[in-house]
Amino acid sequence: MKRRTMKRFSTPGTAPGTVSAAVEAAAGPLAISLVAFDAEGYEERRLASLAEVPPASPGKKLWLRLIGHDPVLLNQLTERFGVHPLVLEDVVNVGQRPKVEDYESHLFIIVDTVRRNDGSYQEEQVSLLLFDGLLISVQERESDLFQPIEERLRSGRGKARAMGLDLLAYAIIDTVVDHYFPVLEQISDQLEEIEESLLESPDHEDLEALYSLKRDLLRLRKATWPLREMVSGLGRGDSHLMGPETRLYLRDVLDHTVQIMEVVEACREMATSLTDLYVSSLSNRMNGIMKVLTVIATIFMPLTFLAGIWGMNFNPEAGRLSMPELNWAWGYPFALGLMAAVAIVMVVAFKRRGWF
Amino acid sequence: MKRRTMKRFSTPGTAPGTVSAAVEAAAGPLAISLVAFDAEGYEERRLASLAEVPPASPGKKLWLRLIGHDPVLLNQLTERFGVHPLVLEDVVNVGQRPKVEDYESHLFIIVDTVRRNDGSYQEEQVSLLLFDGLLISVQERESDLFQPIEERLRSGRGKARAMGLDLLAYAIIDTVVDHYFPVLEQISDQLEEIEESLLESPDHEDLEALYSLKRDLLRLRKATWPLREMVSGLGRGDSHLMGPETRLYLRDVLDHTVQIMEVVEACREMATSLTDLYVSSLSNRMNGIMKVLTVIATIFMPLTFLAGIWGMNFNPEAGRLSMPELNWAWGYPFALGLMAAVAIVMVVAFKRRGWF
Amino acid sequence: MKRRTMKRFSTPGTAPGTVSAAVEAAAGPLAISLVAFDAEGYEERRLASLAEVPPASPGKKLWLRLIGHDPVLLNQLTERFGVHPLVLEDVVNVGQRPKVEDYESHLFIIVDTVRRNDGSYQEEQVSLLLFDGLLISVQERESDLFQPIEERLRSGRGKARAMGLDLLAYAIIDTVVDHYFPVLEQISDQLEEIEESLLESPDHEDLEALYSLKRDLLRLRKATWPLREMVSGLGRGDSHLMGPETRLYLRDVLDHTVQIMEVVEACREMATSLTDLYVSSLSNRMNGIMKVLTVIATIFMPLTFLAGIWGMNFNPEAGRLSMPELNWAWGYPFALGLMAAVAIVMVVAFKRRGWF
Amino acid sequence: MKRRTMKRFSTPGTAPGTVSAAVEAAAGPLAISLVAFDAEGYEERRLASLAEVPPASPGKKLWLRLIGHDPVLLNQLTERFGVHPLVLEDVVNVGQRPKVEDYESHLFIIVDTVRRNDGSYQEEQVSLLLFDGLLISVQERESDLFQPIEERLRSGRGKARAMGLDLLAYAIIDTVVDHYFPVLEQISDQLEEIEESLLESPDHEDLEALYSLKRDLLRLRKATWPLREMVSGLGRGDSHLMGPETRLYLRDVLDHTVQIMEVVEACREMATSLTDLYVSSLSNRMNGIMKVLTVIATIFMPLTFLAGIWGMNFNPEAGRLSMPELNWAWGYPFALGLMAAVAIVMVVAFKRRGWF
Amino acid sequence: MKRRTMKRFSTPGTAPGTVSAAVEAAAGPLAISLVAFDAEGYEERRLASLAEVPPASPGKKLWLRLIGHDPVLLNQLTERFGVHPLVLEDVVNVGQRPKVEDYESHLFIIVDTVRRNDGSYQEEQVSLLLFDGLLISVQERESDLFQPIEERLRSGRGKARAMGLDLLAYAIIDTVVDHYFPVLEQISDQLEEIEESLLESPDHEDLEALYSLKRDLLRLRKATWPLREMVSGLGRGDSHLMGPETRLYLRDVLDHTVQIMEVVEACREMATSLTDLYVSSLSNRMNGIMKVLTVIATIFMPLTFLAGIWGMNFNPEAGRLSMPELNWAWGYPFALGLMAAVAIVMVVAFKRRGWF
C-alpha cells in the first residue's frame, strides 16, 4: 500500500476541473461496456464510444461501465450527460476521499476499496454516477470486483433483475465495502502472530513487520472514516434517486463501515500495544543477559583475585610473614577450598535473590 | 475471547440477506419452545415448527424462543411474520454490533453478552423481535442465560406474569447487560493481582497475563459502546411497542451500560498504566543488577591489578629498583594491607553514594 | 479507596427494584430523624418509624434524614411517599453514578463524595428526594457531613431558616461537592512531594505511591464526570421544585464541579508525567552506574594485562629476545611508569568526554 | 506559578456567598479610585469610600477601580449597586475560572492573566462589573496592568474618550489577554533552548527545567480554555450592555484566545516530545558507553588470558609437552605477536560493525 | 519554519487597530498593480497610489494587488474603501489564523500557505478583500504565487476572463491551498527515508531530522485546522458576494483542506511512531552489544581464573598435595584441554540460547 498517502495532485494553480497531464500520459485505453436489463431480459455489450449509449427509456435500466481513465472519452460525459468538470477531475485524480455529491439530475459517489493482491494490498477507486434510468461506474482498471453482481444479473436469480438502479448502486457499494473484511482479517491474524512471536522472543523482523502493519492501518483508517461519512450521507440525503427500500439496505452498509472502523481502531491499538510489548520484552531479555554477566563476573572476579594473590612473587624466605602459606603442605588444598567456599557463597546468594 | 474480533462476514458480493454457507453447515438443529402467559396462567411447550405458533389473541402474551441458527427454519420467520431478510442475516451472522431497528410492525434488537465459562469468556449474541403480542428471542446455543426470568414467570411471583412483553424484553436486556458485571469484577481483580505482583517483582508471566487482559478489554470496549447506543436508542425511540413504564426501566439499564463502559475504560487505563509499571520495575531491577556488577568489578579490578603487579617476574637482583619489595620481610603483609585499604575505600565510597 | 471500582451489583437476572440480599444482611439499623423548620422556628427529633412523619402543611418545611440502609424501612418510602422501587434500588446499591431523575411529584438526586478519614479516603453516597414541603436525605452511615448545615439551621443565623427546601437541597449538594477540594489539595501536595523526591533520587517507594495516587485519581475522575452532568442537569431541568434563585446558586456549584474536574485532569497528567520522570531518572542513574563501571574497567583492564605480560614465565636465558627486560635494572620502574602513563591517558580521555 | 492549582476554597459547608476567613485576614486596605470621562473631559481621583461615587448621569462614563479585597468595602457593592453575594465570593476567592454572567442590570466578568515578574510568573484575577454608565474593575493588587489604557484616556488621543464603557471593558479584556503572548513567547524560547541542549548532551538540569515548564503549561492550559469560552460567551450573549461595535472587537479577542490556546497546546506537545527526546538521548549515550566498555573488555580479556597461560608455573622440565615454549628463544616474541594479532583481529571486527 | 510559532503580537495594551511599530520599520515599499478585465479584454498596470484606482463600473472586474505592508498606504484602504481598522491590523500582523469575516459590503479573507524555498519552508499570509466589482489581494512579499492565475487571465484561455471576482478569489484560495501538497509530499518522503534508516541502524542524526520534522508538522497542523474552518465558513456563509457556482467549487477546496489535514495527521502519527522505533532499535542494538560483552566475559573469565590457579606459587615440594600437577609430564596439555573444554561448553550453551 505504498502509493496512496495522498491523492494524485495537480500542479498548484492549474484551472479547476483540469485533468492533470501526468494522468493523460499514463491512462490506458478506456473500455466501455453497457449492461441493459429489466425484469424480463438482460443484455451486455462492448461499446466503442459513448455515442452508442441509447437514450433512456422508461422501465429499461442501463448500467454503463467505464474501465480506465481516458480523458478524451471522459470529457464526453460532460457533453452527453451534463457531468460537472469538477466531477471528472475527481474521477481521474484517484485517491479521493469517498464522498457523495448531489447534482440534482444525478448523484456522484466515490468509494474506495482495498484488496489483497499477491500478498500486498491494492487500493482502487470506484466512481458512480447515478442518473434516472442510468448508472455509470468508472473503475481504475480491469478487475473482477463486480463479478458476483454481474453473475447475479446474468443468471437472473431471485429478484436480481427486478431491482432498481439505486439498489444496483447499493450492491456495488456493499461489495466494495465488504472487501475490507478479508483484508482486516488478515491484518488481525498477522498481529496475533507477531504477538505470539514477541512473547516468545522479540525479534527485529517482528518490529519491521509491525511497522509495516502500522502504516497499512494508518492508511486504512484514513480510508474508512470518510467511507462511513459517505454511506451515512447517502442514507440521510433527500435525493429522489434513492428509494426508501435502498435506504434501508444502506443502513446495513453503514453498520458494516462502522464495524470496519472499529476493527481498524482495535487493530491500531493492538499494534501500539505490541510496540510496547517489544520494548518490554527487550528490557526483559536485557535483564536476563545482564544477570548472566553479573553472576559470572561476581563469581570469577573474587576467585581470580585470590589466585592472583598466591601468584605474587614475594620471597617466602624474606621473613616469617612473607607468604609462608606457599610452603605449607596443605596450602594449595586450602587455597582451592577457600575459592570453592567463595563460589558457593556467591551461588547461594544469587539463588536467594532468584537470579537463577 | 479469541473468536470474535469481527462479525462473521460473507464473501464480498453475495446478495444482501444471504445466510452464509459456512453458517448453514455449522448450524445445529433449531430448538423451538413457546411460553404463553397472561395475568392468570403460564404454559410452556416445545414446538416442532413455527407453523405451530398460535395466532395472536388479545391479552395473551407469547414468548417464542429459538435456540440455534437453522437457516431453513429462520427463513420461515419471513414468511410467517414478515421479518426482513436483512434481519435474518444479522441474526445468523453473529458478532453484530448491538443495535435496535424499528420496522413499524416490530422492533428488532440485537444485544451481546459475555459470560464466564470455565475460566475463559464466551460471547453470545441474543436477538429479539418484539411484535404486538409476541416476543421472539433467538440465542446462539442452549444456555441458562434466561433461567432467572423463566423462573419468575413460572413461579408467578410478584407481578411477573402481569408484565407486558415490552417489560419482558427489558428484563431480557437487563439480564444480558448485567452479565458484564461479574466478568468486569474478575478482570478488575486480576489487574490488582498483577499490580501487586509487579510491584514486588516484575515477571514475564505477568506481562503475558496483562496482554491477554488488554485484548479482552479491547473487545469488551468494542462491545459496550454500541450497547449504550442501543439502549439509549431504545429508550428514546417512538415505537408504540415500548410503553412509558418500560422506558423508565430502560433508563436504569442505560445507567448500567454507562457504568460498564466507565469500568471498562478505567480497567483499560489501569492496564496501560501497569505496562508502564512493568517497564519501570524492569528498569529498576536492571539498576540493581548493574549496581552489583559495578560494585564487584570496581572492588576487585584494582585488587587483581595489584596482585598482578607483584606477580611480575622482574628479577629483584637485577638492580636496586627492581622489585626490592619482594624480598622485604614485611612486603607481603604490606601488599595485603594495601589491598584491604583499597577495598575499604571503595566500599565506603559506594556506601556514600547509597549503592548498598 | 479500594472498595468501589463499581457499584454493588445484584446477581444478573434478579427482578428490577430488588434490594440485593448481601445488602439486607449488612445493613445496620436505620436511624430516622426529622428536622422541621420555618421562618420562625426550628425543631429536631428522632423518629422510630416513617409513620410518625407528619403530613405536609403549607409553610412548614420538613427535612427527613435517614441514616443506614434498612430495606424494610426503605420499602415504606414506596408506600408512604410513592417512591419508585428503582429509586430504592439505587439508594441501597451504593456506588451509583451521581444523577438526577425527575418523577413529577419529586426529584431524585444521587450525589457522591470523598472524604479524608485517617489518612485514607472514604466514598459516601448521599441520596436526596425532594418533594413539595419535604426533603428526604439518605446517608450510608452516621457522619458529620451535614453538621455545618444543621448548625446554620439550628442557630438561625442570617436567612438560614427562611430558605426553601430547594435551597436546602442545594446547600447539601454544595457541601458534598466542596468536600472534594481538600482531598484534591492533599493529592496535589503528595504529587509535588513525589516529584521533588524523584528529581533528587528515584525510589521504588515513590513509584508505589505514584501508582496508588493514580488509582485514586482514576476513581475520582470516574466520580466527578457524572457529578458535573448531574449538577448541570439539575440546573437546566424544568422541575417546579427548583426555584430560579436556587438555579442561580446551582450555577455556582457547577463552576465548582468543573473546577474539580479540571484539577483531577491536571493531577492525572502530572501523575503520568511523573511516571515518565521516574523512568527518565532511572535511565539517568543507570548511565551514571555504567560510566563508573566503564571507567574502572577501561583503566584497569589494560593495566592488568600489562602486569600479566611481565608475569609470564618465559625463560630470560632462552635467548636474547626472551623477556630480557626482566633482568634490566630499570625494567620494573619502566613497567610501573608505562602503567601510570596508560592510566593517565585513559583518565584524560574520560575527562575530555565529560565522564567525570 | 506555584500557588494556584485550584481556587482558594472555603471550608466545605459554609454558607454560599461567604467571604472565607483566610481572605479577610490576608486582605490589605482597599484602594478606590474613580475615573470619570466623556467626549470632552477626563477626571481621576482617589475615593475614601464607595459612598463618594456620584450617581449615574447620562453621557457621563464612570470607571470605578478597586484594588485589593477588603471584604467590608466589597460588601458595600451589594448595598450600593445590588451586586449578588455569589459575585462577591467569586471576586474575593481568586483563582476562579474566567467567566461571564449576565445579571440583567449588569454583566459580571472574570478574566485571569499571567505576567512575567522577575523571572517567575504571577497570576492575577481581574473582575469586571459592567453597569449602564459605570464600570467597576477589581484587581488583586496594585499593578501597571491597565497603565496603557489610562494613558490613552488621559491623553485623549484618537477617539479614546469617545468610546463607551463596553469598549473600555473590551480594552481591559484585550489587554489582559494580550499579556499571555510575551509569557508564551518566553516559554517557547525556553523549550527551544532545552531542545538544543538535549540534542547536544542530555542533562539532568534540562529535565528539571522541562518538568517545570510542563507544570507551567498545564496551568496555562487550565487558564486559557475557559478564557476562550468566556470571550465567546461575551460576544454571543444578548446583553444590551454590549454594543454591536464592541462585539466586533470581541471577535478579535476571540481570535487571540484561540491562538493562545493553540500555542499552549503546541508547546505542550513540544514538551512531551522533548521528554521522549531526553530518554532517547540517554539511551543513545548509554549505547556509546556500553560500546566503549565492550570494546575494551573484548580486546583485553583474551589478551590477559593469554598472558595468564604463559604465567602458569608448569615445570618445563617435567616432560616434553610441559610448556616447552618457555624455553624457546623466540617464545616471548611469538607470544607478543600472537597477542597483537588477536588485538588487531578484534579491532578490525569492531570497525566492521561500525563501533568506532 | 522557525519564525511563526505565533502571530506577530503588539505590546499588550495598545489601542485596537494599531499597526505595531516593529512592522512599520520593517515594511518595505508597497507595490501596487491593478488588473482590469472583462469577457472582452484584459489590462494590467502599476499604480503609484490607491487614488489611481478607477471607480467601479458594471461588468468591469478589478483586481488590485498590493505587495508589502506599507502602513501609510494601507491606511488609505480605510479612507477609500471603508475597510475596518481591525482588518488592517490583521493584514499587517502576519501569522494570523486563516479566517473569513463578513463586513456586509465586503468579505475579508485570510489564507496562509507554506512553500518550499531552497530546502527550507516559508510561510506566507495572503489577505483578500472581496468587494462588488473589486478584489484586493495583499501579499507579504513579491512572489510567483499567483503566476498561473495571471497567466490564465492574460492568455484568456477557456473561460478565464468570463469568471466573476468570486471565482477569482476561489482560484487564489485554491492555488494557495494546493501549495501544501508538494510540501507534505516532501515531508512524507523524508519520513520514509528516516524509517528506512532507522530500521537499518538508528542514528543520532535521524533523531534530529525527526524532531525537526515533528516541529514542522506541529506548525502545519496549527495552520491547517483553521484553514478548513475558513473554507467551510466561506462555503456556508450567506454573503451575496459569493455565487452558487463558486460555492460548488469551494466544496472542492474543502475536500482538499480535509485531505491536507488527514495527511498532516497521518505524518504526525508516523513521526511519533518513528520516535518509538528509534528507542526500540536502540534497545535492540544495546541488547546486541551486551550479548557480545557477556559472551566474551563468560568465556574468558573462567579461563583466566584457571590460568590464575596454575600461576600460583605454592611450592610443589612442600607436600604431596601442593600443586603436584605442575610436575606432571601431561599437566600442561591437561590444563589447556580443560580450558578448551570449558570454552566449548560455554559456546555450546550460548548457541543453545540463540546468542550467536
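Descriptive notes on the structure:
The chains carry the letters A, B, C, D and E, assigned in the order they are written, with residues numbered from 1 in each.
Keep in mind that, in the parts below, contacts are C-beta pairs under 8 Å (C-beta built on N, C-alpha and C of every residue); 3 or more make two chains touch, one makes a residue touch a chain.
Worth saying up front: this structure is predicted, and the values here are computed from it rather than measured.
Looking at chain B and chain D, the chains in contact with each of them are C.
Annotation, chain A versus chain D: rotation angle of 145 degrees from the Cα superposition, expressed as a multiple of 5. Mean C-alpha position of chain A lies 40 Å from that of chain C.
The centroid of the Cα atoms in chain A and the matching centroid in chain E are 25 Å apart. For chain E, the set of residues that touch two or more other chains comprises 279, 283, 286, 290, 293, 297, 301, 304, 308, 311-313, 323.
If you sketch which chains touch which, the chains form one closed loop in which each chain touches exactly two neighbours.
Residues 5-7, 9-16, 84, 86, 89-90, 96-97, 99, 101, 201-202, 204, 207-208, 211, 214-215, 218-219, 222, 275, 278-279, 282-283, 285-286, 289-290, 292-293, 296-297, 300-301, 303-304, 307-308, 310-313, 316, 323, 325-333, 335-336 of chain D touch chain C in their complex. Those residues of chain E lying in contact with chain A across their complex are 146-149, 152, 157-158, 160, 170-171, 174-175, 178-179, 181-182, 184-185, 188, 195, 199, 248-249, 251-252, 255, 258-259, 262-263, 266, 269-270, 273, 276-277, 279-281, 283-284, 286-287, 290-291, 293-294, 297-298, 301-302, 304-305, 308-309, 311-315, 318-323, 354.
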